[in-house]
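One structure is given here, and the rest of the page talks about it.
First chain written, first letter: the chains are A, B and C, and each begins at residue 1.
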Amino acid sequence: MTDHLKSLLVGGALICGSSAHAVELEVTHWWTSGGEAAAVAKFADAWNATGNTWVDGAIAGSGGTARPIIISRILGGDPMAATQLNHGRQAEELIEAGLLLDLTDVAEAGGWADIVNPSSLLDSCTLDGKIYCVPVNIHSAQWMWLSHAAYEKAGVPVPTDWNEFVASAAKLQEADILPLAMGQQGWQQNLAFGALTIAVAGTDAWRAVTVNKDADVAAGPEFKAVFEAAANARELARGSNVQDWNQATNMVITGSAGAQLMGDWAQGEFAVAEQVEGTDYSCLPGLGLNDVLDTGGDAFYFPVNDDPEITAAQKELAALLISPEVQVSFNLAKGSLPVRGDIDMSAANGCMQKGLDILADGGVLPSGDQSLSADTQTQIEDLMAQFWSGDMSAADAQESYADLIRKAD
Amino acid sequence: MTTASDSSSSMTKRPNRLFKNWMAKLASVPMILTALVVFVGGTAWTIVYSFTGSRMLPKTKWVGFDQYERLWDTDRWIISIKNLAIYGSCSMILTLFLGFCLAACLDRKIRYESAFRTIFLYPFALSFVVTGLVWQWILNPDFGLQNVVRSWGWESFTFNPLNDPNTVIYGILIAGLWQGTGLIMCIMLAGLRGIDEDIWKAAKVDGIGTVKTYVMVIIPMMRPVFVTALVLIASGIIKLYDLVVAQTGGGPGLASEVPAKYVIEYMFRAQNLGQGFAASTMMLCSVVIILIPWAYLEFGGKKRG
Amino acid sequence: MTNSVEIKNLDLSFGAVHVLKQLNLEIAEGEFLVLLGSSGCGKSTLLNCIAGLLDVSAGQIFIKDKNVTWAEPSERGIGMVFQSYALYPQMSVRKNLSFGLKNAKVPKDEINKRVSRVAEVLQIEALLDRKPGALSGGQRQRVAIGRALVRDVDVFLFDEPLSNLDAKLRTDLRVELKRLHKKLKNTMIYVTHDQVEAMTLADRISIMKNGMIEQLDTPDVIYSRPCNKYVADFIGSPAMNMFKGQLSGDTFHGEGFTVDVSQYDFDTHSRREGDAWLGIRPEHIVTGEAANGATFSCNAEIDILEPMGSDTLVWIDFAGQPVRVRTEGQSGLTPGESVTIGFDAARLHLFDSQTETRL
């Protein structure tokens, strides 16, 4: 073989080799608000930097709209390369049907079992000892966001917990400010209810009902207090005509509402609006009453694919998403907590630091998604929608809730 | 003699009826297959699986009537049925009435008839999603009709049906009527045009007033047109879904839920196929309950008369 | 004698189209007046104006001395029968008859009385409980007439009522209508394009053309003294034969023949000179022996024979055009045969060439 030919062959192999890396992966997600879009761009940039291409498949509407689309694509035989889903049981049946890629080898190579904190996140990805997803962040839902501008206008000091907030509500109403902003969608009302549960009833009661599905506790006195607090909150939120969660957050940002009960992803909205924590807004994890956060969040799943090149790329992406640099850049932009306990998050702002501290202290709980099936979640959301928009009494709502827990699977 | 009849009988053998007009039969095979497999087959499959405990994927785990028991125990389903009943009856009556009145007005040889016809028919060209969104904006108290009238000076004017659980279904009804009346008007107009001019003259000579002529003479003559209109309106009522999603999202709370929305959400969002199938089987039952008496009236009556 | 219907200077225009022009008409009580003409002449339009179904542009209409120009149809004291019967299809015959009366709040026994009377007159008693869809054409038309009759009015309007029926039924119902008129003695205004109906039914015929009345006379007069060429052409089946020529004094010079017209009944003011038309009806041309004694006679060759059973239509070539001759019964003539034809001056019709009016 001539030298000429040899160099051609080597050059060809090199080119082929490098072009073998330039894979296009379609990634679907529902991060479409301002803050969320900025965060997912960090993932895209990191992936594009490896020489591959990130084909963005953003789906408008929140998880409730996007999940059915994602699932029907996977079931329908036209799967995307990677997709966001929440931690928990949403993909359970898909895994059982063998439609999602097994990532155990990637997990073992990256030592995920050691770095993922809390370990419940990885447990949600595991079925029969095999790992099917890579967790990418931790979101907690038990936050109260307060507008300093609103409280200044009302001439009241910014409350430091839920009870103070309820006491200050009358002054806010006098100043023509809506005390509590609430979007008219079931999941938001459910989230508020969950936050109140942890704050008012305590973690044991919460665990008993959500994880162990104990209907007696659900009908008991701890939850009676929760429902009464919810009824209170309902009064304070009357007049919120907005639909989406970020529209409600916007009311807090502009000072037309005093507070919102929303998860830590609201952080991103404040960041995009260039508001400063402590000056323009405050955040109270656990509503200031109970320093506990639940640990829901997002994980990436990879539908099974025939093409070995794509499968290899999928595994590469999985490892990338959990790598230290990407975890830092992504979570800072999103306002969520990283899944790794071994990285430097000193660039994070005050709210995130509070969250990190609670995480480090171990004051965490698994999220509702991880314990309750989509069916039960939907039924609870229906109940919340009915409760929050009408005049159902706290007692009636509690009775229906206990019933749902009794029948939950 | 025998040979002649033999040869004639072999020449004129009766053709096999199956192959008579075979080209038309061949052309209709795809439609027959679609009807059998998709409509009949799909319906039967759904009804069968409504007796299972299927979750995200269909499973043959028989649970008997459990899904139906749960269905009728669910507040959201009861609200959906109530809403559909209200929407259905109002829509049926009002669409027929308004459609007929508009058609009667247009039939009176007015000027610019084609311009009016276009204006009334135009909303029908819009999708339900667009209709729902447009009416959500119009009925929005802060930017829509209420605000406009208030800015004209009438300060205490309130028109906010979408934010009150008791009236939200009527807000949806307004949007639905706006969208659907145009088509019914056109059908009625076509029917009116088919009425012999002399009938009008005879009624005039007899001294029958215009309204009475319409009610007692013209409308009975338009029976087939009314039946067609009824079928069209009914199909629009049963499949009410995208209008609700676009206009109110089912809210406030659960006040504007409808059965089709219940089916979709429990099938996909709640990942509970069994529930969704049970709900859609109930929807099929309601259609059948209405169809059977109608079919008897239309076809059974003819056999007797 | 009061006039039942009077029409004064009636004008009707549809936009730019002038349909009825300065029409004047007086109809006596109990008269059967036929409006006759070809399509588009305005006869149906005139009827609709009398009925009140069309608004007039100018002029007045009086019914029984009451000015009804702007009155509603139901207040004019008229009943109307339509070409397409226009029965209410969803109602039984009895209801069809009584619907208008019930609407006018006539008492129930009065309604029943009238309905049974009309049913008896028209012989539709057996049909009272049937719907129009279950009736034959003739029966439907009787019901339509019945619906007009129950109204107990003086004037009946008929808009080509027999046009939708087959020939035999038409002749039967025609006779019935005549009997009905004789019995009821109401004023009847009847529109038709069929001259046979007009001739047999009418007391007077009004021949219309282009929105104007050409001639208003009894059938006899219209037949024997048509006032212009159009009327002469219209009435008579087969149509009148027309010859172009010049009139000078007592002679008519046609193409290749002359006729002595001294016995012709000229109008007082008619001139006797100039271009003219000579018309003679086929039934007034005699053949054979009778021709020899006529005012004018000549020989001609037979072209075609059309035997019709009761008479024969003979086509002959004469004066350079085909001429129709009607003979009684089976003529015994053959085509190609030469035959003597002749006619009397008294049976002639002369029309001015330009104005087409009778001389």
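The rule we apply is simple: a residue touches a chain if its C-beta (ideal position, glycine included) is under 8 Å from a C-beta of that chain, and two chains touch if they have at least 3 such contacts.
As the structure is a prediction and not an experimental result, all values here were calculated from the model.
S.K.: When the mean CA coordinate of each chain is compared with the mean CA coordinate of the whole protein, which chain is closest?
M.R.: Here the chain at the core of the arrangement is B.
S.K.: From the centre of subunit C, which chain's CA centre is farthest?
M.R.: A
S.K.: Can you check how far apart subunit A and subunit B are, centre to centre, with Cα atoms defining each centre and the answer in Å?
M.R.: The mean C-alpha positions of subunit A and subunit B differ by 41 Å.
S.K.: Counting in whole Å, what is the centre-to-centre distance of subunit B and subunit C, each centre being its mean C-alpha position?
M.R.: Those two chain centres are 56 Å apart.
S.K.: Let me have the rounded angstrom distance from the C-alpha centre of subunit A over to the C-alpha centre of subunit C, please.
M.R.: That pair's centroid distance is 95 Å.
S.K.: For the complex, give me every residue of subunit B touching subunit C.
M.R.: 196, 198-199, 201-202, 204-209, 212, 216-217, 220-221
S.K.: Quick check: in the complex, which residue numbers of subunit A touch subunit B?
M.R.: Spelled out, the residues of subunit A in touch with subunit B are 64, 67-68, 71-72, 75, 90, 92-94, 97, 184-185, 241, 243, 373-375, 377-379, 382-383, 385-390, 400, 407.
S.K.: Under the definition above, what is the set of subunit B residues touching subunit A in their complex?
M.R.: Residues of subunit B touching subunit A: 55-57, 70, 74-76, 141-142, 163, 165, 249-255, 265-266, 268-272, 275.
S.K.: So in the complex, the part of subunit C that touches subunit B is made up of which residues?
M.R.: 48, 51-53, 72-75, 78-80, 82-90, 99-100, 103-104, 147-148, 151
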